[in-house]
Structures are given as C-alpha cells and as structure tokens.
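What follows is subunit A paired twice: with subunit B in the first complex and subunit C in the second.
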Partner chain A sequence: MKNNAAPLLEIKDLSVSFRTESGRVSVVRDVNLTLAAGEIIGLVGESGSGKSVLSFAVMGLLPPGSGFIDSGEILFAGRNLPALSRREMSGVRGREISMIFQEPMTSLNPVYSIGAQLDEVFVNHGDRDRKANRKRSIKLLERVGIPRAAEIARSYPHQLSGGMRQRVMIAMAMALSPKLLIADEPTTALDVTIQAQILRLIEQMARENGTAVIFISHNLGVIAQLCDVVAVMYSSQIVEITGAERLYQSPAHPYTKSLLECVPQIGMSGKRLNSIEGTVPHPGDEISGCRFAPRCGEAEGRCREQAPELRRLAEGVCCRCWKR
Partner chain B sequence: MTAGFWKKLLRNKSALIGGFLIAIVVLTAVFAPLLAPCDPYEMHMDDRFAAPSAAHPMGTDQYGRDLFSRVIYGAVISLQVGIIAVGVSMALGVFLGLISGYFGGWLDRAVMILVDIFLSFPIILLAIAFVAVLGPSPKNVMLALGMIYWTNYARTVRAGVLAAKEEEYVLAARTTGAGDFRVIFLYILPNVMAPVIVMATLGLGTAIISESTLSFLGLGIQPPAASWGSTLAVGLDHLHSAPHISIFPGCCIMLTVLGFNLLGNGIRDVADPKLSRRL
Partner chain C sequence: MLLEVNELVKHFPLPGRNRFVRAVNGVSFAAAPGQTFGLVGESGCGKSTLARLIVRLYRETAGTIRFGGRDITALGRRGLKEFRRQAQMVFQDPYASLNPRMTVRSTLIDPLRVYRVGTAREREKRVAELLGLVGLDERYGPRYPHEFSGGQRQRIGIARALALNPRLIVLDEPVSALDVSVQAQILNLLVDLRERLGLTYLFISHDLGVVEYMCDHIGVMYLGCIVEKGTREDIFQKRRHPYTQALLSAVPAPGGAVGEQIILGGDPPSPADPPAGCYFSPRCPQAEDICRREKPPLKTLSATHTAACHLI
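Showing the complex of A and B:
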C-alpha cells in the first residue's frame, strides 16, 4: 500500500486538550499520522487512550467551549481543517469526510424515517430534488445489502435491528462517496455474526469508492482482518505504527506486545490469560519519562526520566520506545 | 404524530372529557353568530337584571343585554386571547430555549438571566405592568401574556436541548454536514416538542384565566366587548340582587380551563409516560 503521491490526510504534531474544572487536560499529545487515499488504517488502544478524541478533532466536532486543538495541523487534501470556518467545515463533513459510530441504536433520529434521513445528506450538500434524492437513497440502501429497500426507506429506526441500522449508517456515510471514512468502533455493539458482515461491507464500500478509512477499535482481531496499517495509542500518544501483519509477528513496542498477550487464543486452555499490571495514567498526569514506563517490564532509568520520541525503525514501522 | 398516538389519546378518559369540553367551546366560538339568540350589544333598558327565563336562558345584565349571547361571544374572545398569547409565548420561549441550549456560552447565560428576572416577579403583577404601559386592549393583553409565559417554554426546551444535543443522532447528523440551524430545527426541535405541546395545552387554560383576571381588574378586554372576565367583574356589583351575571361567565371560565387541563394531562400521559410522575 505504498503511495508516493501527497497523502490524503496528514496529521502533524496534533495536541488536543479539554478544559475541565481542574484545569487543562491533554488528551491527544503530539500525534503524527499520514493516510494515503484508499488506505485502511486501524487505530487501537484502550478506552480513554484518545482514539475517539482524535477522530472528533479531524471531524471538527470537538465539544465547543471545552475541547481545543492546542497545536498542530490536520491537513486534508491540502487544506488545514482546524483553520476552516464553521460553514466550510459543514461542507467538508458528509461530502469529503464522514463517520460511523459505535451505537447504531442511537445514531439515527427517532422521529424521521430512514429514507428521510438519507435524503438529508443530499439536501445538506445542496441537492433539493426530493424525488431524485429518494431514488438515490433507495439505491444506497440496496448497495449496503438491505432487502426491500423502498419499503425500509419508509420505516423508522426503531423498526430495524442493530445490524440493519448500522447498514443504514454506512449508507449514510458513503452517500456522497467521501474520501475519508472514520469508523469509531462500528461493530462493538453488534453480535459476532453481524460484526463480520458489517466489516466486510465497510471494506467493500471503501475499496469500491477508493475511500480511505480510519478504523477505530480495541479489538485486535477485527483490526487484523481489515486494516493495512495499524497505529497503537496509549495514554494520548501514538506508541507504534506498523503494518497489520507485522503487528502480530513482531510487535515493536512493549505495550503492543503486552496487548497481544491479552488476547485469548484457541488452544491456550489451562494457561492464565495475561493482563497488563497497573492502570493507564490519567490523561492529565504529566509524566517526565515514557508514559508506559510505570507498567513496562523492560523499563530502566532513562525510560523514567526522558520521554521517547516516535522514531522510525524500518520501512513503515515507527515506535516510541528507548529500547528499540 | 402517528395513528397509535391518536388511538391512545381517545382511550384516555381525561383527554376525552377535556377534548369534549374544548370541542364545545371551540364550536361555540366558531358558530357564535349562528348560536347567539340576540345581539350581545343590544340594550333593553326595560329588561335589566332579568333572571334566567325561556327568552333569556342566562338572564340579562345591568343594561338588559342577553347574557347567553354575551357568554357565547365571550368564548370567541377567550379562545382568541388564549391561542395568540400561548402562540407568542411558545414561539418566543421555544426559540430562545433552542438557541441558548444549543450554543451555550454567553448567549445561554444571558437568556437564563432574563428568565430569572421574569420569574422573580409575581406573574399577575408583571401582566398588570405590561398592560398599564401598553394600554388596555385585546392586542396588548395577548402580547403581555405572551411576554410573560415564555419563560417556562424557554427553560423546558433548553433542558431538552441540552440532553438532545448530546445524542448520537445529532452528532451523526453533523458528520453528514448538517449546519447549525438545520440541526437545531430538524433534529433537535422535534425531539423536544412533546413537553412543549403538553405545556401549551395547559397554558391555554392559564392564559384564559389570566385574561379573565386582567379583564376583571379592568385592564384587559374593555366594555362593551363581552369578555367573560369583564362580565364577571360587572356582576360583582350586583352579586346579591342578580348573581346570575357572575355565575354563568364564571362557570364558562371554569369549564374551559378544566377542559384544557384535562386535555393537557391526557396528552402528557399518552405522549410521555415518564413525564406524568414528575409533574
């Protein structure tokens, strides 16, 4: 998946913080990430590691008044997104970048029919021909594998199952063939058989449209199935960026290693499942050394004193660790 | 509103009785010229203070005007004042509640301070002050009542917006590129309307009482217009000799307000079962 053209998305030294009653809390620290057109990148990390905040920063949907981009740039197709006006950003959302959420049960407006909500996407971007919009909506529903699409377009969210609703959300996100899709744990709330279908659908839609995908998950199995590249986040930083296969064969960062050891495997009966000692530091805690050092088995003097940078180890592999 | 909503509403006794009372008042108001046996403004000086009889079912007032006809025309005034006052306060309150809840910040603080200022006055005092400044006329009564009762709508809607704007479907709408005003009016407003409809129905009753109160105090609808409140006030002077002048408009006010309250309660029970225990 190497692409020498200018990347579609380039996040440079991005730091995001939240204003809370006890002062500023940094939730994303110095994140650098590039994504080529058509590439699928997985973003893994524990709850609270900053994955979702990162995606909201890209969407320009940090909670107004409390979430701030402190520094850095988000270059999307040559434009710095945080510098765009509210109106310009509304034009980008949906048309060029769209998003799917974790909870399909609550991501649809209960008071409008499925079709009306899909039509809205076209209306938001200036197409007001109602009949044509509805035709496009029905076609979209067919594309995401919804049977009796015309009938479903007239039904309301509560009449559909979770899997169906997530299909509708995907249809909505893909309506205008965006260049970038952010999928924030889109399969977490679904049962396993539906999960596989939805994953396949996201992959198929992305490949057909040439859409790049940021796939956020804490499920390493899902990431392996779908992604080209994986970025691992720990306590508001990216600690490793590597190829999806390489992640399993030779994880570089101690955190990634321990994360993999926590995944149960068939045939490991009788062995205790590993867990990582200690807890994730609070995002606001300023730690002088490596943020993982307190839980790291390999940590030594320097790890606790100096913060490591994200360094390039090999072609396509970056790691934030002194010991590599 | 779906068909299921209407079916449930028809099965709700409170809503049914309330709706029935309101229907009578509305039909009376609409067909007032047809229903009234006499001209409500025509005086018969030889027939003053007549007790209820076949010719005058509710008797006559101090100028010999047919009270039944005046009460029928009073329904027009009461409904008109109620609907317009509620319309003004609802439009104002819902709009301010929406923008203050959605945008937050200084706008929110400013609106809420305004609400607190309005709520710190006794309502009837505020109404009297408004009408005293604007001058007593039907238009000003409606305006004054509208300017007073918006605070409830603003607060309720703001609270609803605060909850609704965190909903994922609102976030999802924004990710598809919906602008602020589209999000507010298309995604948030319909989801906060249920309590507003209930409040508006109950508010109609309150507005009618307030109009009657203002008219009773001589600040509302001015004679010779046949407002229930002003007729009631006139009757007060003759309560011992001709109590029917006060009793009939009083009953009309009571039954109309009761009707709106019953209907409002019924709608609340049907529209939002969670709400009925809280209020």
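Showing the complex of A and C:
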C-alpha cells in the first residue's frame, strides 16, 4: 500500500497520560503512525498496552480533566485535531471519523428502533424526507447482510444478537461514509463465523469506499488477515510497524516474535508453547532502557540502560530495538 | 472409557406450554483415561450446558452419563458426593469463579475439609503442594483473589480443582479470557498436569487453534448436537461436515485470502425454535431438499470418525 500523496492521518510523537491517585501515568508514549485513504492498519497488543487510549485520543474522546495529550500532533486531512475546538471536533466525529466498539450496545440507544437510529444519520446530514431516509436505512441493513431488513429496522437493539448489532453499527458507519473508521476490537465478542462476516464488511468499506481503517485487536490472526500494515504495541509504545504479510514470516521485534510463538497454530500439538516470562510493566513505571528488556531473551547491557527509538529497518519496516 | 455420554438431552422450559430451549439435543461421546476430549462450537451451541450436566450442576432431561462404568445420573447423595470428588470443573472467568472474601489458602483447604481429608497439618502441606503444582509461590496463601492477575487467578482455580485428586477435569473455556502470552502459560501448565497426574480432560473452547493444540478427540457442536466427531486428525485434516469446514475456514490466518473462505450467512437459529430437518440446513451452502426435511443420521466414516450429514 504505497501512497506518495499526503497521508490522510499522521500521528506524530503522540504521548498521552492520565491523572490518577498515584500521579501522572503515561499510557501512550511517542507514537508515530501514518495512514493513507483506503488503507487498513492493524493495532495489535495485549490488554493494557494503550490501544484504546490511542484511538480515543484520535477521536478527541479522552475523559476531560483526567486524560491529557502531553505532546505530539494528530494531523487529519491537514488539520491538527487536538487543536480544534470542541464543536469543530464533534463535527469531525459526526462526518469524517466513525468508531465502532467491542460492545455495540454501548453506542446504540436502547429506546429507539434500529431504523430510527439509522434515519437519524441522514437527518443530521440535512435529508428530511422520512420515507426516503427509511428506504436508504433498509438498503444499508441489507448491504451489511441483515436478513428481513425492513422488519429488523423496526426492532430494538436488545432484540438483536451481538453479531447483528455489530452489523448495524457498521451500517451506521457506512451511512456516514467517513474518511476514517476506527474499529476497537469489533469482533472480539463474536463467534468466528460471524467475525468472518464483519471482517469482510470492513474490508469492503476500505476497498470500495476508500475508507481508511484503524483496526484494533489482540488477535494476531485477524490482524494479519485483514490489514495492510500492522503496528504492534507493548506497554504504551509502538515497538514494530510492518507489512501484514511480513508479520508472521519475519517479525522484527523480539516481543512480536515471542507473541507469535505464544499462539497455538494448527499442527502444533505436542510441542511446547513459548510463553513470555514475567509480566508487562505498569504503564506508569519509568524504565531506563527498553520497556521490553526485563522480559527479553536477547537483552544485553545497552538495552537496560538506554531507551531505543522506533527506527526504520527497511522499506515499510520500523522497529524499536537496539539489536536490529 | 472413563466418561461415556449417551444420547444426553437437556431442555430448559420456557414460559408457555410446551416451549423449550433445546440446549443439548442427544449428545453422545466418550473419553478414555488420560485423554483430552474437546468440544468446540459457537456460543449458544450448548457446550457449557453439557459441561454442567456432566459435573451434575444440572439434571438431564434424558440420556445417560457413565463415569468409570457407572451411571451417574441415578446416583443418590452419597454417590454424588463421591463422584464430585473425582470430577472437578474449571470455569472461564477467573474473576467470577473465586470467592472474593476467601484467601487462596481457605479456597484450597475448603474442599479438603468438606471431604475430611487429612489432619490440619496435612491440609496445610497439601495447600503448599497445590500452589507448587500450579506454579504459584507458597507465600501467596494468605492473599485474596483481587491481589492477583487473571492468569494467576486461573492457576488458583486449577489448584482448587486438583485439591481432591480428581480423575476428570471439565475445563469450560479456561483460557478464553486471558491474553495470549498468559494463555500460553496456562495451556503449558494444563499439559504438564495432565501428564504428571494422569488426568482426563473434557476441554471446551470456541478457539479452534487451542482445541487442536490440547485435544486428542474432538466433537464439533451446532445447536445442541455433535455434528462431527473424531480424532484431532479426523477433524482438522479429514473433516467432512459442511459446518466443520465452514468453521475451520473462518479461522483468521495470515495471508488467508478472504476470498477462499466459506462465509456463512446469518446467525445460528434459536435453540428454542430449531429448524426442520438438519439444524444446519438454513446456513449450509450445500443444503438440498432432503436436508430441510429430514434429520440426518450419524454416519460412520471410520473407526474413529462420525458425521451427521445427508450429503456425506
């Protein structure tokens, strides 16, 4: 996915912290990412690594008064998002960036029918013809593979399965035809056959509508299958950015490598799984060297003393490691 | 066979006359001592209900369960107590399955007391031994569950299941709530314990990679039925049922071109209102008329391999 035009999204040296009882805690550290129109980037990492916080920062949804952008820029279609006013940012969220979550119930209003919530999107865009809006809503529901769409449009969120609700969320995101879709673990609660449907829809949005996608998941297989580019997060930092097809073939960072070896692959029974010794450092822990060094089999003197930067190793491969 | 389940049925009544959730619908399988039998299938297909039937948290609607040759569906209170000593369960959610007000030590001593095992001193020794078995520090005894990570709590849950030296452990999605690096630690532990203690596992998961890694024999469930059953190789290399094929093709894999996947439409039907004929027929890409009319018979494909499909 090479694209020499200006990227749609460019995150530069972004750091985010939370104010907590025990002081400031840096949960996103020096993140750099770029994303072109139509590109799907995967953000993968274990729980607590900072994936959701990073996406909230992009959306301008950090909890006011406790979550702060300490430094860096989020350039979206030429504008620095954190510098926008609240009203401007809410306009960007309504029209240009959409987000879907693991539990769609939290973003659907339980007291309105599915159809009414979809129609609302068109009304907000200034289309007031109710009949025409409902027709478009039903079309969208059909497009995301919802059977008996007209009937489902009249039903309420709690009457639908998790997979159906997620499809409704995607229909809603499609109605907006955003430039950027942020999908935070959208299939984590779903079964694999339903997950396959959702992944295909997200892929369609990117390929057919040119929507750029940030796809967050802890599932390496999902990421490798769906995404063009993968960013691996560990303890608040991006430790590797690489092409999805290279992720399994030639992971660069020792953490990425260990993580891949933890997942049982078909054909592995009888072999011992790799497991990463120790535990992830708390995001607030200030570590003088590399944040993975305490658990890294390759770590040596410098790794424990000096923090490595994310460096470009080859075309499309960046890695935060002294040994590469 | 240590465990033999025969035509097991569990229907939960619904309000209204003659309405039931057919959670488990005539399931049969057997697990040999020292082996791991895996149950895989999507949510709602009846895996947890089956697990609970086997450890006698539920009473069956019909069918039999034999344990060590003995029908345990007919046991009285004393027989049941003895059975529970030999068959234990580990749950998915390491946060919900431990009593937050009990220290690790009392959690592990409790079953020993209930079953009057050993003297007070021997019980303390056993607690230390159990903690060692699951790779936890002896000094953790006086601590409470909230002081532990998810992976550590799952180790405590496993230690509790081991306390009475059971022969069978039913593991219901034991690693589904854990991060992959922690999941790997727990799977390695389960493999070690199986070998060291000669345990038999009934291992339930929706993750096919994990099931393949852990299990010798596997049953694939759909809407309360086992649609295909066989050795690991039968299921992963020689699968014949269209549902098993779709399920495996849906597992995301690196470079797995989405185009080659069998993408099933819709959701599984409700077990309160199952379709006529083969339950999988409404979503089956190969379904023919007969599939929508008649329930498919279980066909024997080899000494170890069976599948319920008209088209095989």
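Assume the second predicted complex is superposed on the first by the 311 of 324 C-alpha atoms of A that agree within 3 Å, B and C clash if a C-alpha of one lies under 4 Å from a C-alpha of the other, contacts with A are read in each partner's own complex, and residues count from 1 in each chain.
Note that in this section a residue touches a chain if its C-beta (ideal position, glycine included) is under 8 Å from a C-beta of that chain, and two chains touch if they have at least 3 such contacts.
This structure is a prediction, so every number in the text was calculated from the model and none was measured.
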Three-chain arrangement built on subunit A, subunit B and subunit C clash or fit: fit
First (subunit B), second (subunit C), both or neither touched by A:Glu120: first
Angle at subunit A between subunit B and subunit C, C-alpha centres, nearest 10 degrees: 80
Which of subunit B and subunit C A:Leu181 touches, first, second, both or neither: neither
Partner chain(s) touched by A:Leu259 [first = subunit B, second = subunit C, both, neither]: second
First, second, both or neither for A:Gly221, with subunit B first and subunit C second: second
Superposition-derived comparison: subunit B or subunit C, residues of subunit A touched: C
Contacts of A:Val28 with subunit B and subunit C, given as first, second, both or neither: neither
First, second, both or neither for A:Ala196, with subunit B first and subunit C second: second
Minimum C-alpha spacing, chains overlaid - subunit B and subunit C, in Å: 15
Touching residues (chain side subunit C, partner subunit A) in the complex: 42-43, 149, 179-185, 187-188, 191, 206, 208-210, 212-215, 232, 236, 246-247, 250-256, 258, 261, 263-267
Of all residues in subunit A, those that touch subunit C in their complex: 46-47, 145, 147, 161, 163-164, 191-197, 199-200, 203, 218-222, 224-226, 244-245, 247-248, 258-259, 261-269, 272-276, 279
Touching residues (chain side subunit A, partner subunit B) in the complex: 59, 61, 64-65, 86-87, 90-95, 97-99, 101, 103, 106-112, 120-121, 124-125, 169, 172-173, 175
Contact footprint of subunit A on subunit B as seen in their complex: 104-105, 167-180, 182, 186-187, 190-191
